Amino acid sequence: MKKLINKPEDVVKEALEGIAALHSDLVRVDLENQIIVRADAPLQGKVGVISGGGSGHEPMHGGFVGHGMLDAACPGAIFTSPVPDQMLAATKAVNGGAGVLHIVKNYTGDVLNFEMAAELAQAEGIEVASVVTNDDVAVQDSTYTAGRRGVGVTVLLEKIVGGMAEAGAPLAAVAEMAQRVNNQGRSMGMALTSCTVPAKGSPTFELGADEMEIGIGIHGEPGRRRVKLASAAEITEMLATPIISDLGLKAGERVLAFVNGMGGTPLIELYVVANELAKILKGKNISIARSLVGNYITSLEMAGCSITLLRLDDDMIRYWDAPVHTAALRWGM
Amino acid sequence: MPITIDDTLRWLQRLADALHENRDYLTQLDAAIGDADHGINMDRGFKAVTEKLPAVASMDIGSILKTVGTTLVSTVGGASGPLYGTAFLRAGMATAGKHELDEADVVAMLDAALEGIKARGKAQPGEKTMVDALAPAVEAAHEAVQAKCDLIQLLQRCCAAAEEGMKKTIPLQATKGRASYLGERSVGHQDPGATSCWLILKTLSDTMGQ
Amino acid sequence: MKKLINKPEDVVKEALEGIAALHSDLVRVDLENQIIVRADAPLQGKVGVISGGGSGHEPMHGGFVGHGMLDAACPGAIFTSPVPDQMLAATKAVNGGAGVLHIVKNYTGDVLNFEMAAELAQAEGIEVASVVTNDDVAVQDSTYTAGRRGVGVTVLLEKIVGGMAEAGAPLAAVAEMAQRVNNQGRSMGMALTSCTVPAKGSPTFELGADEMEIGIGIHGEPGRRRVKLASAAEITEMLATPIISDLGLKAGERVLAFVNGMGGTPLIELYVVANELAKILKGKNISIARSLVGNYITSLEMAGCSITLLRLDDDMIRYWDAPVHTAALRWGM
Amino acid sequence: MPITIDDTLRWLQRLADALHENRDYLTQLDAAIGDADHGINMDRGFKAVTEKLPAVASMDIGSILKTVGTTLVSTVGGASGPLYGTAFLRAGMATAGKHELDEADVVAMLDAALEGIKARGKAQPGEKTMVDALAPAVEAAHEAVQAKCDLIQLLQRCCAAAEEGMKKTIPLQATKGRASYLGERSVGHQDPGATSCWLILKTLSDTMGQ
């Protein structure tokens, strides 16, 4: 295992210390509770917005804490949902009296831990609303199963509802918007390589030199199917087509196009994919009103990418464009 | 010969050791159909449990098990943290105030644990989860009481049923947990949670059998 | 070779098309000349600032084109200096009558090609000044050799002089500031893995599972020495110590600390390194006045990192903080 | 038997083929002490040259060589682009207006090329660059003229000297170009630019020898 780390068990803690050392203008790090909190939290009268999940997806979520996005993030061990204690501590730290929104990605672990945390927070008199993102079209949707994973839409949702909460919207409206963004967004991902969880020390799966995994999540897991390596054009087609059809995108509609790197793929390749995606959308007369290209929701050093399309409405555009100042996303201030 | 406080503490310590030894094995099982952390999670949680044990060593079995439950909730994370946490919490509630557990107590404890897991995780048998090991074990415990088995026999039957249930997860297609994302590719792999569940029961049985 | 590409020879062109498709608000892409030009260039009376170099270092330089940073970027083939034609086209495209600064990284190819371009531009009556960055302490400095490579300081310099040019400073002042930033900054890098140039199709060098390269540049080349894999703390020490001593940093001084990923290293590891760097600087009573952590000057998918320290003065801080709006760096607007 | 326009065109076409065939070899040499692109660069440049050749096929040798020079400058990039570009530009200037080149013309052409490379790149022999192949070749050309060799002999001696110079780059420590960053680690590898330089001369010699 080749990593820039000291001991595998210290990676998350030391990265938090690094964040604390370099971003003290933006956030404070509560090392005991293992949470990252916006420096000026709690803001009286503002809805608090928190999220969390396993580490290894950086910059998500810690890199999104700051003005106009998250009030706190709860990083778990690598690829492991954080525990209710962290979520409760974060909820309390950001509660300005207007309630707190929990943004939860749909994984059994995340859902169960956030559920317990919400119960505990409510028992302490804090109003909590939750949204569970489940945008991954690679997974069959069914009420009898664990359902679809929450992936790329989570990033967009955190920005949009973060902007809305910053603008002073009440909890119910923020939660309703969160649900709306989740409903209007879909994603799909693929991997060229596996990644190595530091505590495990070897790759999660083995992939032949001419193989790739289609329909992966963000936890270094294998995908829905293993296929022969293909060109960027073919791969983009494989990811974009199910998204467009699941979302029922029609000619004349406008989207936010998000080309996300899994961590180990260079930016130049993401732009090659972005180019293919732009061609596909243009061919269907769907306009790209906003876009995001880069490594935002990752799987450690996995090579690969995911595509997310979000059908935009005017409110979403307004809050997407609203000022944000976090370690990983910043504009307008 | 009932389960005493001392047996409980010995079980938990041996369980922590067993999970540490099986850390890579459980993680490897999870790598195939999950995210390669189950062994790491369980090891981290039970290491924390052993650190908590001295402080509760003089309490009743219910309190000890509840401490195990809250510790797991606070340290494991993932799906298994809330599930095993709830299981031990409920087991602790079912054995509240007890200084020893007879056959009927053990059955009540196992019933409570299973119900806790089902209430949290909403999984039924056949979905390729820890329930597939625990549910047959609980059934075997009930049958053993009816068959008037002694405690050791009861635990052995429990353990055998859990092992069989664990192995039967191999051909199943997962519909709950992370393995469900793999669809038909989840077939042919043993569920990591069912495996840790069997380890928990086996360690209890072994502790009492010696 | 596992890459999200179509044909190796089309990577740069298609990535440029992707940039054109997604960032038309910021830049226009001149595909024929293979250059990326700020959308509103040329700005009358403003000094034009351009840079360029081989591709494969993204987001550098194309991701730095926009308000407050570069006016144009000239991407060459992967790891190959662009040609004078591109630099001349870029110089003409951004010339607003106040002259153009060429930011050149010290590699023989880049220097020679920019030299020819400057001669051609001057022959067409455009005033050109050049700065050659050479901040890599891994390389022995000598007037008899090719000298030190230009690496991480280039990013910081582009931001600072870009801010100064945006503020209306004349060419001589901008060029003087560029030289000052270069003089006050030093870098050093290391690699955990090699990378694969698409047209070559296999890794540039082979590295054992327990080995790393210390003193690498940014072209996937081997470094100054191959050593046993070490901890993040030891690696950070190996990189930071030569920088601090070469720069003669003293207690009480303040720096911009830049922890850069080579492309394949996850952000969480960069923060582990940032934490070690912060500890080292704290121990020497050197304060981190500004910082930057992420993948900004990369070597395709190489795993590894570089550290850059820049001794700051008030002017540098002012122009570092000045508004910038590019695809890869954005704040204040 | 002088070098005619036709010979020049055949040489350049064969050179493009040779560089294409040796693309991976040159790139591999560059991977060891550079950035793994020299073969790719030369191949790209001479592919562009062959596309330009038809348009200049009826011009004089000087014009053809100048076109090669500007094409290389505009398409190769890296260090080798301006260096070989300048070399061919200067060679073209030295042969301006000529329809054939005799021994003295060839020497003048090689002199100009070497001076162009030295003026641009500031490298002296012994710094592990293309100069280490070209400089001895130029010297050999001068000696061949003094020894009254015919053109083919002259070119063969040139070529042999270049090959020897190329091989002698192996033990050298680079002080110019990218390989200089490696310090003592550059020792033991043959310089890619010296190799392409030998290929250029060898192709010329072979073209004339057949």
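When the chains are written out, they are named A, B, C and D in that same order, and each has its own residue count from 1.
As a convention for this text, contacts are C-beta pairs under 8 Å (C-beta built on N, C-alpha and C of every residue); 3 or more make two chains touch, one makes a residue touch a chain.
Worth saying up front: this structure is predicted, and the values here are computed from it rather than measured.
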item	value
Between subunit B and subunit D, centroid-to-centroid distance (C-alpha), Å	75
Subunit B and subunit C, separation of their C-alpha mean positions in angstrom	54
Centroid distance [mean C-alpha coordinates] between subunit C and subunit A, Å	29
Centre-to-centre distance between subunit D and subunit C (centres being mean Cα positions), rounded to whole Å	32
Graph class of chain-chain contacts, one of line, ring, star, complete, other	line
Those chain pairs that satisfy the touch definition	A-B, A-C, C-D
Subunit C-facing residues of subunit D, complex	24, 27, 31-37, 40-41, 44, 73-83, 120-121, 175-178, 180-183, 185
Contact footprint of subunit D on subunit C as seen in their complex	54, 76-85, 107-109, 112-113, 115-116, 136, 138-140, 142, 144-146, 149, 197, 199-200, 204-205, 217, 219-222, 224-225
Residues of subunit C that touch subunit A when the two form their complex	2-6, 11-12, 14-19, 21-23, 55-56, 58-59, 63, 192-193, 209, 212, 229, 231-233, 235, 257, 263-276, 278-279, 288, 291, 293, 295, 298, 300-301, 303-305, 325, 327, 330-333
